[in-house]
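Okay, structure first, notes after.
Order of writing sets the labels: A, B, C and D. Residues in every chain begin at 1.
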Amino acid sequence: MTSRATRPHRLAAKDITLSRWRHGFKSRWGCQQNRGCADPADRGATNAVLGSTWACLRGADWAVSNPERASGPGATGEAVTALELLGIMWRIRFFEEEVPRLQRAGLARGLLHLSVGQEGVAAGTCAMLRRDDLLYTGHRGHGHAIAKGVPLRGLFAELMGRLDGVCRGLGGSMHIVDVEHGLMGATGVVGGNIPLAVGSAMTARLGAREQLTVVLFGDGAVQTGYFHESVNLAALWRLPLVFVCENNGFAEFTPRSAHTTVERVCDVVAPYGLARQTVDGSDVIAVREAFGVLAAAARGGEGPALLECLTYRLRGHYEGDAQKYRAAISQAEWRDRDPIARLRRRGVSEGWFTDEAAAVAEGAAKEAVDEAARLARESTAPPLELMERLVYAQLEPA
Amino acid sequence: MTYVKAVNAALAGAMRADPRVVVMGEDVAEGGPYTATAGLAEEFGRQRVIDTPISEATVCGVAIGAAQSGLRPVLEIMYIDFVALALDQLVNQAAKAHFMSGGQLRVPLVLRTQGGAGHRSGAQHSQSLESWLVHTPGLKVVMPARAVDAAGLLASAIADPNPVVVIEHKALYFRREDVPDPVEAVPLGVARTARNGRDVTIVAFSRLVYEALEAAEQLASEGIDAEVIDARTLVPFDLEAVLGSVSRTGRLVVAHEAVRQGGFGAEIASAVHEAAFDLLRAPVQRVGARFTPVPFSGPLEDAYVPGRAEICAAVRATLVS
Amino acid sequence: MTSRATRPHRLAAKDITLSRWRHGFKSRWGCQQNRGCADPADRGATNAVLGSTWACLRGADWAVSNPERASGPGATGEAVTALELLGIMWRIRFFEEEVPRLQRAGLARGLLHLSVGQEGVAAGTCAMLRRDDLLYTGHRGHGHAIAKGVPLRGLFAELMGRLDGVCRGLGGSMHIVDVEHGLMGATGVVGGNIPLAVGSAMTARLGAREQLTVVLFGDGAVQTGYFHESVNLAALWRLPLVFVCENNGFAEFTPRSAHTTVERVCDVVAPYGLARQTVDGSDVIAVREAFGVLAAAARGGEGPALLECLTYRLRGHYEGDAQKYRAAISQAEWRDRDPIARLRRRGVSEGWFTDEAAAVAEGAAKEAVDEAARLARESTAPPLELMERLVYAQLEPA
Amino acid sequence: MTYVKAVNAALAGAMRADPRVVVMGEDVAEGGPYTATAGLAEEFGRQRVIDTPISEATVCGVAIGAAQSGLRPVLEIMYIDFVALALDQLVNQAAKAHFMSGGQLRVPLVLRTQGGAGHRSGAQHSQSLESWLVHTPGLKVVMPARAVDAAGLLASAIADPNPVVVIEHKALYFRREDVPDPVEAVPLGVARTARNGRDVTIVAFSRLVYEALEAAEQLASEGIDAEVIDARTLVPFDLEAVLGSVSRTGRLVVAHEAVRQGGFGAEIASAVHEAAFDLLRAPVQRVGARFTPVPFSGPLEDAYVPGRAEICAAVRATLVS
């Protein structure tokens, strides 16, 4: 099943244009206030050697470098059909709906932030990435991990603090890492993941690797200094990085309007000239289209970009939030907000897939989630000595 | 009344008594995740109960500037782990302003935060970081264990003309205890004897006070009579109270939840060794967390968090030598 | 001597419009993504009580509140003539030129950052303030202090670590505070003063005081998270605050072009809708005009503003900097950059003052500086016990 | 060769040997205010010697992300006072990434910075803040005194797969000493006996090593024979070396420039009391700065900075009891 809508952009990587590493303002800026100083353009003079300086790195012993492209959904941006997107979103939805059950059973513990309602962003961005593209997420990251291809069982087991968790039970819900699938970090410090993503993109840039870095964060993170300092650096160094903001209008219990006068996150980065777009995050096809354009440009050396996805968090900030600060959404509104229902309606009406195929995808997702949850329960707690063994890395990989 | 309700009552009391007192922080107008500020916005309005963006570094500076210019801000940083974001302002501005200005500026700021593990909150939401603060001249540091102290020390902190960091403990918030209404101020810098005993002194603060008391019960059944001192304030520290007790018991255990290496227990132990070496019948034993980040997994976290078992073992170690 | 140019704006304070304290986006933003939540406009419902809540504060025991207006130059914005501005700039120039002499004599020590060439900014902004307006500066703040009316002797003595220093010798060149003259802070942590200024402006706002806060910082500080977080907050709370950036094109030895792609600082704050202007910082009259407009608006409750002054740092980053990273300025260029020479030429040609009057102002400034330096040398070192006495403030003012 | 030139040589050597090594920080391409990175941009280009804006918090995170993805960044933070700005990234990300990821991530990051007083730099440019770092599991911490160690420990730090903070001292930068060329790596975690003696052990690090040596000379003239140990690495700490010396001398003085209260001296003292209480003929004495910010005024700063006089006094205190 191949439609215009499901393959809007080939993410073919161009070679990174090394000479674009910039150290002087573009001429349109002029440079008046630097008169009397060495020409800032001189700062770019060493650009010529960058190719050779860094060429040696291509084959070097990178901590993370897996040029092989996986072929399953969630691992490659080139073969993700609308039906696959639907399946990914169902997997996220069923996963998230299982979490409160595990919590009630005393199996999943700690601070649990679910992404029900926001699946369109995860599927429309993370599922478009290659396996070796790097992803950073935050406290609400289960969906991003699933869309990037992180195994469901390892995720459940992590939430349960079990040895088969992706982080062997040491991280937990807010700290999902799966290097094998390019999920390089999740952080519970709002905004703290953004600089890390800049760093990974810098590595790719200096190594001239065909690798994109993506960082996802909420609208609350936009008011952190990290966001601004990072956008400045990414623009300055023209990094292959896409910032993806899930703007659900709330930071915990407080609406965005109490945090800033700037309603649209896209407007915040305007001074830096980033490519940017605001899309309806409940429309996974729109997300994918917009992300595809921005990602291809960033990968192609045209510099970083920002995608703002207006989205809706159906559940509380975390499990246990009584949500006194907002009124419940109406059924009609939820029908319109629910990215899964929307794709299903549209996919059938556009002829991308049949209703039966959608039902099959849903069933398969449910089965995969149930099976993963069941298997995860079988995993045991990590041994106590793991704690002290993992404080420091050993010189030779363990 | 619960510990967190006592905090809430102290905030409300201070705001009623002094119009300069304002409360700032993330989600404070909604009461915050632990309900510490619940109801304040309704009573005092959103001009005095000020929701802030997720900009801890700057918001801390804003509170400092507000304090320097006449307000008495009580800033909440939701988790002490995020005090790391605000440390430049706290250490380089708040703590030094009075000194660097030759006494011209004052910073009557209270920074309320909470720390501690045991809630499966993972490595970035469970730390005990008071060591950073006790090493910073110009700051005062308070870590209440009881509801009555959480309220009373907070009241004193708000009245103090210096920056005071009040570190609550998430695992204590919903403990119930009697608290006088209205809240009575508890002076900063005065320790409290939580249990009298003759054989050994245990100094603890925050959650570990309860662990020390339970350890003392356990030890009593073994015939060991432990005195438990709740330090309450770390800076200024009531060394006299500790020395007084040690002069009777000759043995000391210091217990906190923070990582032992470089923890405040080392300071207390060293100070007591220096001042009372000849009175000590055994070296001071320190209880603190092992040198690892806080693990998420339940069994590991339980093994990580120091408690009565470690205190009992430390007490016994002071008795063998 | 009163000319159009010397009294362009009366900084008459309007009452702060309390109802402007905002907790909802302006209607033009709409509030789509907050649908389903309590109306954000409700957040502003308590505004009505602000007047009464804060009224009691007007007479309260403020740490800093001096409604009396001083009358000397540098203390009031209403009587500063062009000739006075010239005198202020001369005082700054002579002060700064004395510092290296004191350094060579072993009397002034530490990190000394001079503002020769940047006097137009100090005079055009700080001298426009009332005595009880609050000022925050940074590591290059001597000129700002002088223009705000801080006594020269106390400044010199502070640089020499003497008891008669404004901070009794405990602060030093980077930490000038003079509460009596509204200089509330200087900080050596680049950008660290900006949040403090937001805090002071918040106090004034909540207390409904007729007080403006001004914070001065360099172009290097614009890349700090503090700047962005602070601009957001000031805009959100519509604070009576003017951000003044001295854009001299360098942060230490590195040109602005190596720190950001955004050449104009004014552009950085555009998303927040701040009133803003970029002016030639060597033209003190232009600085004063622009500042006057922005300051009056901020004071009048119209929200914060940013003034960017393009300026030139004649000397090294600090005393001792060999300045290998930039070429020396030509004589011709300096003639054009020197704010003092420029005002003198213009003042005479416009008839604001005679050349003789200018020479008298210059002489008076020289004399004042020399006298202050001489007196400062007579001050003694602070007593050792001051150190421990000033770590904590005592409950009753000492 | 000067201490700072030794640092420079170690950086150049590491960059020559490993193309993954990059240097980042403010003004590093211009050599920085102390010339530590002079000439590197010329030799290795501005892609590997990367000037950064004044964004310490984020730049630290960038270096961590770069380290996690394959580079070996050496980040310079110009003054340790500004590490306060980067502490969230250092503590909440760098130190915990390996642990929280169950061993998947590694952070081969070096954070170079410098601290210390004595230069009339004022309260915000003179602090000694290693205490914050030694209390953070996952970080290693190095404080070299000699040029040869500044180079050799830096080489080891760059080769280490963990985040290592190397704290230089501004007052040592222009001291001259012999340094082998090429630089020889000095292993982390191994102390060095700087002077042999029988009567008392003095443990110091960074600038205080020289003060300890001078104090030892002074004490020798009084007939007191002091052994001086240069700890060199604080985490991991070479406790064996100290215990070995104390087992011979029975007396210990710990000296550092940081504020004494909550300083690393408390940790060393407590650990030695615990491990060697019966060997100690006197309580461990701690030398550290008084509990005040660093004053600007020359005479006050001189009185503030601990040195040989305080060390001599502490040694004498171990001998009277």
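The criterion applied here is as follows: a residue touches a chain if its C-beta (ideal position, glycine included) is under 8 Å from a C-beta of that chain, and two chains touch if they have at least 3 such contacts.
Predicted, not measured: the structure shown is a model, and the values here were computed from it.
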- Task: State which chains count as neighbours of chain C and simultaneously of chain D.
- Result: A, B
- Mind listing the chains that sit against chain A and also against chain B? C, D
- Task: Would you mind pulling out the distance in Å between where the CA atoms of chain B average out and where those of chain D do?
- Result: 29
- Message: For chain A versus chain D, what separation do you get between their C-alpha means, in angstrom?
- Response: 38
- Query: With chain centres defined as C-alpha means, what is the inter-centre distance between chain A and chain C in Å?
  - Reply: 42
- Item | Residues of chain B touching at least two other chains | 29, 52-53, 55, 57-58, 81-82, 85, 88, 92, 99-100, 122-124, 137-138, 291-293, 295-296
- Query: For chain C, which residues are shared contacts with two or more other chains?
  - Reply: 23, 43, 165, 167, 169-171, 175, 187, 189, 223-226, 229, 232, 236, 258-260, 325, 386, 390-391
- Name the graph shape formed by the protein chains and their touching pairs; answer line, ring, star, complete or other. complete
- Query: Hey, which residues of chain A end up touching chain B in the complex?
  - Reply: 109-111, 161-162, 165, 167, 169-175, 187-191, 220-221, 223-225, 251-254, 258-260, 324-325, 381-382, 384, 386-388, 390-391
- Residue ranges of chain B in contact with chain A within the complex: 26-27, 29-30, 33, 51-55, 57-58, 81-82, 85, 119-125, 290-293, 295-300, 303-304
- Where on chain B does chain D make contact in their complex? 57, 81-82, 84-85, 87-88, 91-92, 95-96, 99-100, 122-124, 129, 131-132, 134-138, 235, 258-259, 261-267, 269-270, 273-274, 277-278, 282-286, 291-293, 295-296, 321
- Task: Spell out the residues on chain C that touch chain A in their complex, using ranges where they run on.
- Result: 22-26, 29-38, 40, 43, 223-229, 232, 235-236, 247-250, 255-263, 267-268, 270-273, 310-312, 325-330, 333
- Message: Touching residues of chain D toward chain A in the complex: what are they?
- Response: 19-20, 22, 29, 41, 44-48, 52-53, 55, 57-71, 73, 88-89, 92-93, 97-107, 137-138, 140, 159-162
